[in-house]
Structure formats: C-alpha cells, structure tokens
Amino acid sequence: MSDLLSQDFLTALIAGGLVAAVPLLYASLGELVAEQAGVLNVGLGGYMLLGAFLAFVITYNTGSEWLGMLAGIVAGAAGALVMAVLCVRMNLDQIVIGIAILLVAEGATSLLHGAAYAESRPSLGSPSELAIPGLKEIPILGESLFSQNAIVYIGIALAFVVGWVLKRTSAGLSIRAAGERPEALDAAGVSVTATRTWATLCAGGLAGLGGAYLVIVGAGSFTPFITQGSGFIAIVIAMLSRGRAPWTIVGAVLFGLSLSVATALQLIGVNIQTDYVQMLPFVVVIVVLVLFARRSYLPSALALPYVRGEK
Amino acid sequence: MTSDPTSAGPLLELHGITKAFPGVLANDRVDLELRAGEVHALLGENGAGKSTLISILSGMYRPDAGEIRFQGREVEIDSPRAAIELGIGTVYQHLTLVPTLSVLENLMLGSHGGTGRLDLASANDRFAELARLLGVDFASGARAGALALGQQQQVEIMKALWRQGSRVLILDEPTSMLTPQGYEELRRELEHLKDGGLAVVLITHKLHEAIELGDRVTVLRAGRKVGSLAPDDLRGRSESELSARIVEMMFGEQAAELADAVEVEAAPAARESPRRELGAVALRVRDLALDADDGVVGLSGVGLEVRAGEIVGIAGVDGNGQRELAELIAGQRRPRRGEVLLFDEDVTRLGVREREARGLRYVTDDRLGEGTVGDLDVAMNAVLKRIGRAPFWRGGTERREEIDRFAEGLVDRFDVRTPSVQTRIATLSGGNVQKLLLAREFAGEPRAVVFNKPTHGLDVRTAEFVREQIREAAGAGLAALVISTEIEELVDLCDRIAVMSRGEVTGEVENSPGVEERIGALMVARAGAGVPAGSAS
Amino acid sequence: GSDDDNGGDDSGGGSGDAPISEFAIVAPEKGNDYGWNQQAVEAATQVADELGIEVEIADNSGYEDISPILRELSTGGAEFVVAQASGYNTTAPDVAAQTGVPELIWDNPEANEPGISANASTASQQGAYLAGMLAAETTKTGKLGIVISADDVNWNKMSGGFVAGARSVDPEIEVELAQIGQAGYADTAGGKRVTEAVIADGADIVFGMGDGSSFGMLQAVENADDVKFIDVIGDKSPVDDQGVLLSSVLWNFEGLYKDAIADIGDGTFGEEGYELDLENGGISLLQTDQIDDQTWSDIQDAKQKIIDGDIKVPLTEEKSQVDALINEG
Amino acid sequence: MRARVVAIGKSTLIAVVPIVLALVVMGILLAALGRDPFTFYADMFQRGLFEWQGFQESIIRSAPLLLIAAGLIVAFRASLWNLGGDGQFLLGAALTAGLAPSLLDALGVWPMLLITMAIAMLVGGAWTIIPAVLRGRYGVNEIITTLMMSFIGIGVANVLVKGPFRTDVGGVARTDVVPFDERFPLLFGTRIHLGFVIGLIAILAVHVLMTRTSLGLRMRILGASPRAALHAGLNPLRLTVIAFVLSGALIGLSGSVEILGVQGSFRADFNPAYGLLVIPLVFLARLNAIGSLALVIVFSVIQIGGESAAREADVTSDVLLVLVGLMLLFMAVVEYLRVRRGLGMAFVPPEVADRLRPPGGEGGGGAQAGEPRPALGAEKAGSR
C-alpha cells in the first residue's frame, strides 16, 4: 500500500518511536538509580503523572517549555519526597506506599484536570526542536534522530553520565552500597538515609521530567491517566538493565520502537492485530530470558528498610 | 603521634556504659580505658557484651547511660561517621563488606566523605602500601564477595586502617578466620601500629592471643566488667598462669572444669586421646569433582574415607574447597564427577533429606544464614530438617506440643541458654545457636556427621563442650569429619588429618606428635607434587 | 446530583404527559470529553428538561464492574436506565431483568426484550460516508488517513463508510488506516504519534476516532502544515483554536432517549431496537466554514440519496472488513 | 475483663484512626471542591455498609478480591513477588467465559461451573510456571518475569476473545453470555453468590496452609532464607513452583469467580486491575490471611459506597483513588507508630492477634518481627 521507502514516513516512524521512548528512558533511568540504592518505586507512574500535570499547567500558563520541564522535575521529586520520608526515614513498606502514591497521583491529577481544564482542553502547540546542525542532513536518520527536542539528547547523554557516576564516583559507590549492604555503608560513615533519599528524589525528578516530556512533546496536552501504565514498563526496563544505566536506552528504545513498528505494519498493509505487536517486546524478552537464563541480579537490600543495629 | 604511651593519660575512656536490649542487659555500667600505643584485649564468654560495647564506641549503638571521653574531653558518638571523624576505625565481628563491589571500591566507600570522582590512582597506591604491610595476595580489583572469608577479613582490616591518622583501631575477633601466617602478619602490624601511637581494642576468644598481643586485659561477664589485668599484672608471668586467671574471671568458680580447654589454648599440642574402636568405613567419597564458579571453589579428584568411630580432620586455609566438599557430602550440591558412599551405599544421587534419613548429617559453619531461620523460634529450628515427619506433623498439620517437647529435650541436653523454646532464634548468642545446631544433628541416629568449623567464634568453654560432644559421639560409633582452620583443634580432636588446598586433598597424616609441620607443608602443596600423599592410608 | 427520593411525591411536577418521572444514565467516562460521554450527558439533561423529569447522571463509571451502579440506580428511583456503553450490554439486561427497570443498551441486538431492555445502535457509517466525500473533495495530496484508538465496532463502521464515501468521489483515492492500540481510547500521546506517522505518509485529511486520544490526533494535525481533521461524535469547535477542524460526524442521542421514554409509556419498549441515522437526525455531519458551498451541497444530495436508499453504504463491523474495503481501491 | 475491654478498645482505635485521618484529609479536599464532606461520607457508609442492598454489593465485590489476596499471600510468604496477577486473573476470566457457554449446553450448570473453575485455576497456575522455573532454577528475578507474563496474558486474553471465543452477535468483541440463572447460585435469598463462599474458604484455607501445615512452613522457610531451605533439604525449585502455581491458580480462580458471579461474559479490553489494589492490602495485613480478609471487606465497602457518594456529590469517582491512596498511607503510618509503641495488632481482633503474634517475639524488633520479610534480591548474598 504505502510507500515504505518514503523518507518522511520512515522519519516520522523513527521519530515517533523515539518520542515514545523518552519518557520511559527518563523514568527507568531514575528508577535504576533508586533501585541501586535499595528503593523500589512502585509509584514511579505516579511521579510521571504528577510531573506531567504540573508541566502542562506551567507550560500552558507561561508558554515556556523549559519552565514546564523544570516544573515536571519538581512535581515528580515532590512525589518522591513523600516516598523518601515514609519509606527511607520511617522505614514503611515500599510497596504499600508506592501503590498509595500511584493511586493518589492518578486520582488527584484527574480531579484537578477535570476541575481546571476539562472544558477548555487547552493544547500546548508544537514543541520546539533543538537540531544538531550537520547531522540533521543525513537522510532519514538525520531528520528523525537529530532533529528532536533537546531533552532527547540530554536523556541519552544522561544515561551515560549516570552510568559513569554510579561506577566512578563516591556518590555512586555509596548508592550501590546502600542497595546492596546498607550496614556496610553505615559502618563506613555514610548516611544510608541521606543516600537513599537522594536516590529516590532522583527517581522522582527524572520520572517527572519524563512525564513532562510526555505532555509537552509526546501528546501536546494533558489527559487523565496519560501515562497508561508506562511506570511499570519503566520499572521492568530498569530491572532488566541490571544496574548498567546505558542499557536503559536500549530498553526504552525497544519499547518505543515497537509502538512505531505496530503503526508501520498497519500502514504498509500488514493487517496484524495490534495485540500481537504490543505483546511482542515482552515475548521477546521472556524468550531471551528462557534461552539465556542467567542470574538476573537485583540489589540484595532492594525494598528492605535499613535500621541500624537491628538483629 | 610519637607520644610516649606510658606517660600520657588515656586516649579514650568509657565510664559507666549501660545498654539494654529487650530482655537483656548487654552492658551494665562498664568502664574501659584505651591508651595510645597499647593493645587492650577484651575477653568474655559468648554473649558477655563485648561486641555491644565496641559498637557503642563505633557509633552503631547509642548507650542508655554512661559517658565517653576522648583525650579527656566528653564526646558524643552518635553515628559511625562521628566515630570515624574521631579517628576510630572498626573491624566488626560480622563482616561489613559489600560483596558486589571490588576490594578497592569497598575500601574507598565513604573514605573521602565527598561525592566526587574517585581517585583510583591514589587509592591503588594506598592499597599497595597496606597490602605489603598485611601480606595480602589478592588484587584490588577482585570482587569482595568472591574472596575467601580469611581474605575478606584482611580487607576489613585494611578498611579500618585505610584512613591515615587513625587514633583508635577496634578489632572484633579479627583472627577468627586468619591463617597462622595471617595472624603473624597481624601481630607484626599491631606492633608497628602501636609504635605509631595507635590505641587498639582486640576482642578474641583465644587466650593465647590475648596474652601475647594484649598490653592490658579486660574481662566482661553477663554485661559487667568483672576484672582486668594492667600491664604490670601481665608482665613476668607465665602464659598458663595468666590463662588460668582470665578463665577464672570469665567463668567464675566453675573454671576448674576447663583446665583442659585452657591447655588446648595455651599449649597447642597433641594430647593423648583414648584409642577408639574403629568400625567399617562409614563415609567414603571418591574422585569428587566440581566446577569453579563465581564464589565457588572448584574441586578435583577429592577422595576420603571415615570409619565408624573415627574422627577425621580436614585442615587447610579457609576457602580451599572445604565448604564445597561438605555440601557435596551433605547433598546440597551436585558433583560434576565422583561419588559419595554411606556404608557402601551410593548416595550421590540422593537429596539432602534422603541422606539425612540414612544418618548422614552436616553441621554448617554458617549458623545464622544457613543453619537456622532467624525469624523462626528455637523449637521450629530444632525440627527444621524434619519438617513434615511424624511425630511433629501428622497429616501435613503441625503438632506444636510434640515439637516443643522435642526442642526442650535438645535444649536441656546441650545446655542451650534460651529464655524458652519459643524465643526467636536470631536473638540468641552465637554459641547457643551452635549448641542447638549440634543438638539437632546429633538427635536421632546419626551415623556420619560433617562438622564445618564447629567451634568458630565460640568461647573457650563452649568450644570445649562441642569438642567433647564430638569425642563422645565418636566413642559411640559415629564417623566424624571435622573441618577446621585451626590446626591445634584438629590435633586435639582427630585420629587422622587430611589437608585441602585449592580444591584438592594434598595429603593425609596420622595424628602424632609433631604433626603440625607436616600439615603446614601440605597446606601449601599441590596434590601429587612431591609431598608424599596419604602417608597413613 | 439530583435528589434520590422516590419519584412518588413529585411525579406530576413538571409535566403530566411524561410516562416516567425519573431516569438515569450511566456513562463510562467523564461527561466533558467532547465526545461520546458528553453528547450522552447533554442529551439526557436536555431530554429531562424538555419532559420536565429528573435525570440521575452517573458518568465516569468505568467499564469494569458496572452491576452495583446499575442496580443502585434501578432500585433508587429511576424508572428507566440508559446504559451508555457497549461494554455494559451484557450486564444491563441482567440487572433490568432482576429489578424490572427497563434499560437501554448499546450494540447488542440480541438483547431486545419487551419491557426489559432495548438495543441501540448507530448507522454512523452513513455520516462517515459524507465525511469521506468531504475529505476526498478537500484533499490536495490525494491521500486520506484514518486513525482509530481501538478495534471498536463503531470505529470500524465509520471507517468503512468513510472509505466508501471517499471512493464515491475519487475511486483512485488512497486511504490508509492506523490503530493506536488495543484500548488506546485515552492514549493521547499515542494518538499524536500515530497521526504524525499517517501525516508523514502523505495524508492531508485525518479522520480520527478515539476519546481522549483524539486530542492527541488534533495536536498532530495542528502541528503539521495544511492538514485538516475530521472528528466524530462530538463537536470540538470550541477547542479548535487553529482552525484545523474540517468537520465531525455528529451523534445526537436526544431523539433516541425520547423515543425510548415514549415507548416505555406505550408499553412497547424492548420490542425492537433503536438506531441513529441520517434520517432521524441522530447522525449528521458538522458544517464548518472550512467547507465550501459546492461541496456542502454535493454532500446534502448524497445525504438525501442515502436516506432514500439510492446510495447503499457498506456496513463493516469488523476491522478485517474495513481492511478489505481499503485494499479494493 | 476490664483489661480486655481496654485491649479491644485500643485495637479498634488503631484500626479506625487511619481511616478517620484519611477521611478528614479527603474531607478537606472535598470541601475545597465545594462539596459537603459529611454528606459524602454519610452516603458512602450508608450505601456500602448500612444499607442491606449496598452491603451485599460490597460483599459481592469482595469475592474476587479475597481470592486474589489468598493467591498473593501464598506467593509473598514464600518471598515470591507475583506481580503478574492481572494477567492470571484475565486469563482465568477469559477461559471461563469462553468455555462456559458450550460446556453449559453440553453438560449443564454444575459440571460447567466446576470445569471452568478448574480450567481457570490451571491456566492461572500455568501462567506462573515460566517465572517460577526461571526463578527457582536460574535465579531470574520474578518481578520482571511476572510483570511481563502479565502483559502477555492480558494480550492473550484479548486475542482469545477477539478470536475463538468471540460471540456471533455483532458489536464489541465479547463471549456469549452465560444466562444469569446458570451462573453461581445465590445464597439464601440474597444477591450474594457462591463466589463469596469460595473466596472465604480460600483465604481461610491459605491461613491454615501457611500457619499450620508442613508445606506452608516449607514455603515460609524458602521465603525467609533460601540457603536455610537448601540446607534443611527442601527443594527450592519444587517449592518455588508449588507456591507460584498455587498463587496463580487462586488468582486465576478469582477471574473465574468474577465471570461466574458477576459478569457472565468476557469483553475485549476488560481489566479491572484488582491486583494493584489488593497488593497493598495484604502487605498492610502483614501477609496475614485473617487481616487481609478484614481489609478486603473494608475496601469493598469504600469502593461500593464511594461510587454512590461520588455521584450524589457530583464529583468524579477519581476521588476514590485519592481516598484509597490516603488510607493506605495513613494505615502504614499508624502501623509504624503501633510497632514503635508496641501497641496491639491493628487490623485483627485481639484474640486472633495473640495467636498470630510471632512466638516469643518481644513487641518491638522492627515492623516485621516474626514474619519472614520477602527480600527482593534473588537471594540475600551471603558473605560468600
């Protein structure tokens, strides 16, 4: 049917896949850091929603995407702050609190959106692009990869930076120790609480930024429940990355592109039920796990509270 | 830091330190003083409160009462960080390495206080410096979790010394995993550090170490300080004399019974053990092989046999395949090759429960992580290997009275100190957990038992009790295979001693006077490489 | 929020001729979606006003377990319940049978049962046919796009009608269809992403069907140059500040609800189903100032022919039928 | 006597305080939205609890939730993070709804009920086997695998209902409807169906299984310490598979109960996502079956009553998400204070609490005293 080789078309597909991948990339990157420090954020999708909503409000009212993104970070981090206070400081159950945060975020953003924007349904307009000169001229790939909003490049760079920080800095060392054996970190004179709190805030801020990107670039407006369960997919990506941050890029792009592939197949006339296409990435990962099963490693103290001196 | 140690006042003083845990007064108005340039040995039976006291010093616990003075000034040590800032370095009893990090990363953990980029170059320099000092033989990039326990302990010591300018070094049973050579290194290093003006606290259960290394000795009992020996008291007395005094302080009037134990500690030498009747070959392993894996030592061609009534020891530096061998015998691991025979029956393909039902038992060295489930009570742990069996379970449902009655029997017979059999086992002290494990494995009709470091971390009295149980059981026809890193203990206990090195049995010797050197030689040898293997068999 | 008392005391209140004094409507999502739910809630309110009776509105009731709400409304004073989602069409007849309160349901032709339940459906393909004509006459690239949020009967019906209408103008015209996901009704970002792909593939008219996701489709259209959007069910003109809304296939439930209430009065409710179509005004095409007069009069002609039966609009309930129709071209 | 009254009073207080706190905060929010919180709550409890019809609805809603809770308890007690409940539930539901009509024709009501329930349990259980074996044999973390199997399960359920199970009737893809009279029988002239009894039995059975039987103890030991399990001669792979399959089977059965008790048919894209709601409940009940039972019923009351109250107050039912979230937060916080102060167990009657209390546990000792706390890491990495 369609001209598969049309440059614009391929560009749109790859770009679409990337746009879908970016929220997952940020959220999973943040979650990876928190998990390395021993905090499991089941409420990751909640941080994304909070970030998405506040980013929408700010961008709409100020017209500035950058302020919107910043607001997304702040809102996501605020959600994570609740998590940090209750689970890191007070040692409450991470799963319970995570789900509670998710529910409150879903309900509250939907209510607020209903109260303020349901009638007017404002949209944010076309997002700006921060093109990389030169690279942009490459056919297909140039347009799709190098003419994206700056947040895309920042996200990809950030994955490598986070990888480096975790491996090569004292902060990274502390984070890894906090998730693996918090008593060792404590004995070394570093506060487990502070380390885990920062890591959790990092998860919140990054997930919030992912949410902000979703509304500003991905959707152009906010609708309730806009994250559509991508919080859980991000958790899966973070876990599959096994502590190596750059792998979140692979995971996020795999999931993002699978959405584009579904569209592409339809447009070239392959009439396959979307159910199959959307199951595909999960099936692929399961098959890979079955065939090459290896100990998938999660930090030993993940989701466990740390109480000094407890027997 | 070259002040004359004797003239200066104490560097650190503890006054009236009190610390209670639910139901236990772990420290009761304890005083302690540390002087620069001295090693202060801290002794006491299991559960006496030694670790609690030093945990207060290192900021892990806050005392309920009492004060701490540093150079005469009252200080509050409310976190490990505060302790580190005062220059107090600690090697904890339970290792605190992060297994997934490399040795170097473990050493650098928190060391700079900052959050910035790691300075690998200078860290490697410091590592090399300390490695020379302590004579370690692993690389700085090795994963901490993959090292043998003894090596991990060396890393811990390096960690405590890592910060230059430490004033106080606390060592909680640092030698429990060290080889004799390692101990020698440590001893030399302590001398060196003392000269540098460091104050050292040394906790140990080995009296000879306390006497040899300590300039001052303090003994705790049931949370109280029951006595101490100043440098003057220590000087010019014989080791056995000192041991007797310390033992008396530790255990009070019953100390007399422990003469033998003290002797083992003070003068490691083969003692005249009564000859036991040897029966048929009870346990035989042939040509066992196992592939090495992360944290697992490979085995090749391991063969051994133990007769009924015989105690066979396995000597060797920790981490040379002893644990893997024990697990293969117990059925917790599958060998790549080879077989395990119990009274000529091939049990290689049987599971743990079937082997256990046939009288093959294994006392693990990992009492808390493997031998017991900390969150279950004493009674459930007593029947841990009999779950589902009559009379404790009928029709799949639990019969609590039967279980309690059985557990009470074990507790009585092995003198396990516990408030009741319904007490969560994690709150028991190490020695008492060990007694329960032994009681559990001796119950029923054991025919062959593998003991993995059965006295590790136990106080002299409990250790002697354990050895006595093994002897008695062997006297009654049990085949015992005792794994230990302490040659004296094996010499004291065994009829025959095999030596393991790098996953192989490098030789076997009959227990006879002067056997220690031969064992020492075999420990560094490779099988079939010059040293006559199996001189006895 | 209306009063939950039994209708007994105020039944005569506004109008003597209304056969019932209170009815209720249950809708799956919020009544402000510029689509299915909003149209339904507004129509119900309008009907209640006109007849002078009470209406209890239960929007945002979700799709999952609707029986408690239906039962509560049926036993709480409503004498007629509109179960305004095809997802309710198996539970509602059960509840109606148990409580004796008649229910109007969607897309389950089997469920007509006198006095109990009656089925409603739309001939929305008729309106979509007109939209297809409009699109074909408006396109400059000769390529039309259809974006649907899910594999939904109504979306399939309208897709088929759209293709047929477009081909009636230009048999050679290219049409392509893309679905967001299995249940992408609210997937705004997905709507935008898929629509962008369709536009990139050359379509300059996008016929978009999906609830929350249609706001994403609209976004993609707004961001592109010279692309127009045709919406369904509701009228998004109030939020179309860029002027890209070409038209919409409007659904109006008012007449349907009124007929049903009248039939309850006559005792004929449930004997046969209801259908929205061009003839009864339940389906119509939104006129905007983007449409030139010539085109609009062509559309009116076609509309009359459809009503008269001179034009047969294909009925494609399954996506495979739509795909087949598209591939014929 | 007096002491007993005080004790009961205290634990009731502890159970009630978080709910009250959540209601107060929510009330402020409602007032900010211009609604009267008192009317809202009066409506909510009236409908969900005090009014007989509404209370029955609450009980009906609790039936599938109880089965999910039972399934989750088994897995969580064994430290297996079965987060794939939605997939297991939907597959159970889809197969039940898809097969019930023809089974009904061929065999009649009771055989149909029994066979579909058995099939739902089989498929729910089977759906956990890959995560179980990957975990038991290779240590692959089961959070990832169960979540992914859940996404796949949801897809498969949809594919089934759009394909082989699809009814001939036009309209949305769904299965044929099982007529109301041929679903679960209703109990004693109420609307409550047999599914509630099944849920009740399941959760009580799980209670006995986990606290009284050798199999339950084995699973708990595996959960508390995989190394100890190996040492004690338990077969971790076998136990992992048993616990996982049991968990999946109960959750699959829950899907079946939802169809046979409430829905009568399965529609494409049906997904009530009950799992997410039940997970925090069983954790708050500290994986205790009796406590979970109480919490599930409380939450069913809030859901049923809240839907009605929200409509009366003319706010969207999103307020319920907020209310439930707040309740979870406050329950967790109060639980924390309780443990710190050594107060009685929060959500269970005192006499039950006494029996549940960890043997010899001394009040304090952290939130999880006596309850093996699942660790997420594949296995607590020991010192070697």
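Letters A, B, C and D mark the chains as written, and numbering starts fresh at 1 in each.
Keep in mind that, in the parts below, contacts are C-beta pairs under 8 Å (C-beta built on N, C-alpha and C of every residue); 3 or more make two chains touch, one makes a residue touch a chain.
Note that the structure is a prediction, hence the values are computed from the model and not measured.
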item	value
Which of A-D and A-C has more C-beta contact pairs	A-D
Mean-CA-position distance for chain C and chain A (Å)	35
Gap in Å, rounded to a whole number, between the CA centres of chain D and chain A	28
Separation of mean Cα positions, chain B and chain A [Å, integer]	46
Intercentroid distance (Cα basis), chain C paired with chain B, Å	77
Multi-chain contact sites of chain A, meaning residues that touch two or more partners	114, 180-181, 224, 273, 275, 278, 297, 311
Sites on chain B at which at least two other chains make contact	97, 99-100, 374, 427
For chain D, residues contacting two or more additional chains	155, 158, 162, 316, 318, 365, 373, 380-381
Pairwise chain contacts, counting only pairs that touch as defined	A-B, A-C, A-D, B-D, C-D
Residue ranges of chain B touching chain D (in the complex, touch as defined)	22-23, 95, 97, 99-100, 145-149, 152, 295, 319, 330-332, 351-353, 356, 362, 364, 366, 369-380, 384-385, 387-388, 393, 396-398, 419-420, 422-424, 427
Interface residues, chain D side, partner chain C - complex	47, 53-54, 57, 60-61, 155, 158, 162, 169-174, 177, 180, 191, 258, 262-265, 267-272, 304, 307-308, 311-314, 316-318
Parts of chain D lying in touch with chain B, wherever the complex brings them together	208, 212-215, 217-218, 221, 224-225, 227-228, 230-235, 358-365, 368-373, 380-384
Residues of chain B touching chain A in the complex	55, 58, 60-61, 79-81, 83-85, 90, 92, 96-101, 105-106, 108-118, 159, 374, 426-427
Chain A - residues contacting chain D, complex	40, 82, 86, 90-93, 95-97, 99-108, 110-111, 114-115, 180-181, 224, 232, 235-236, 239-240, 273, 275-276, 278-279, 282-283, 285-286, 289-290, 293-305, 307, 310-311
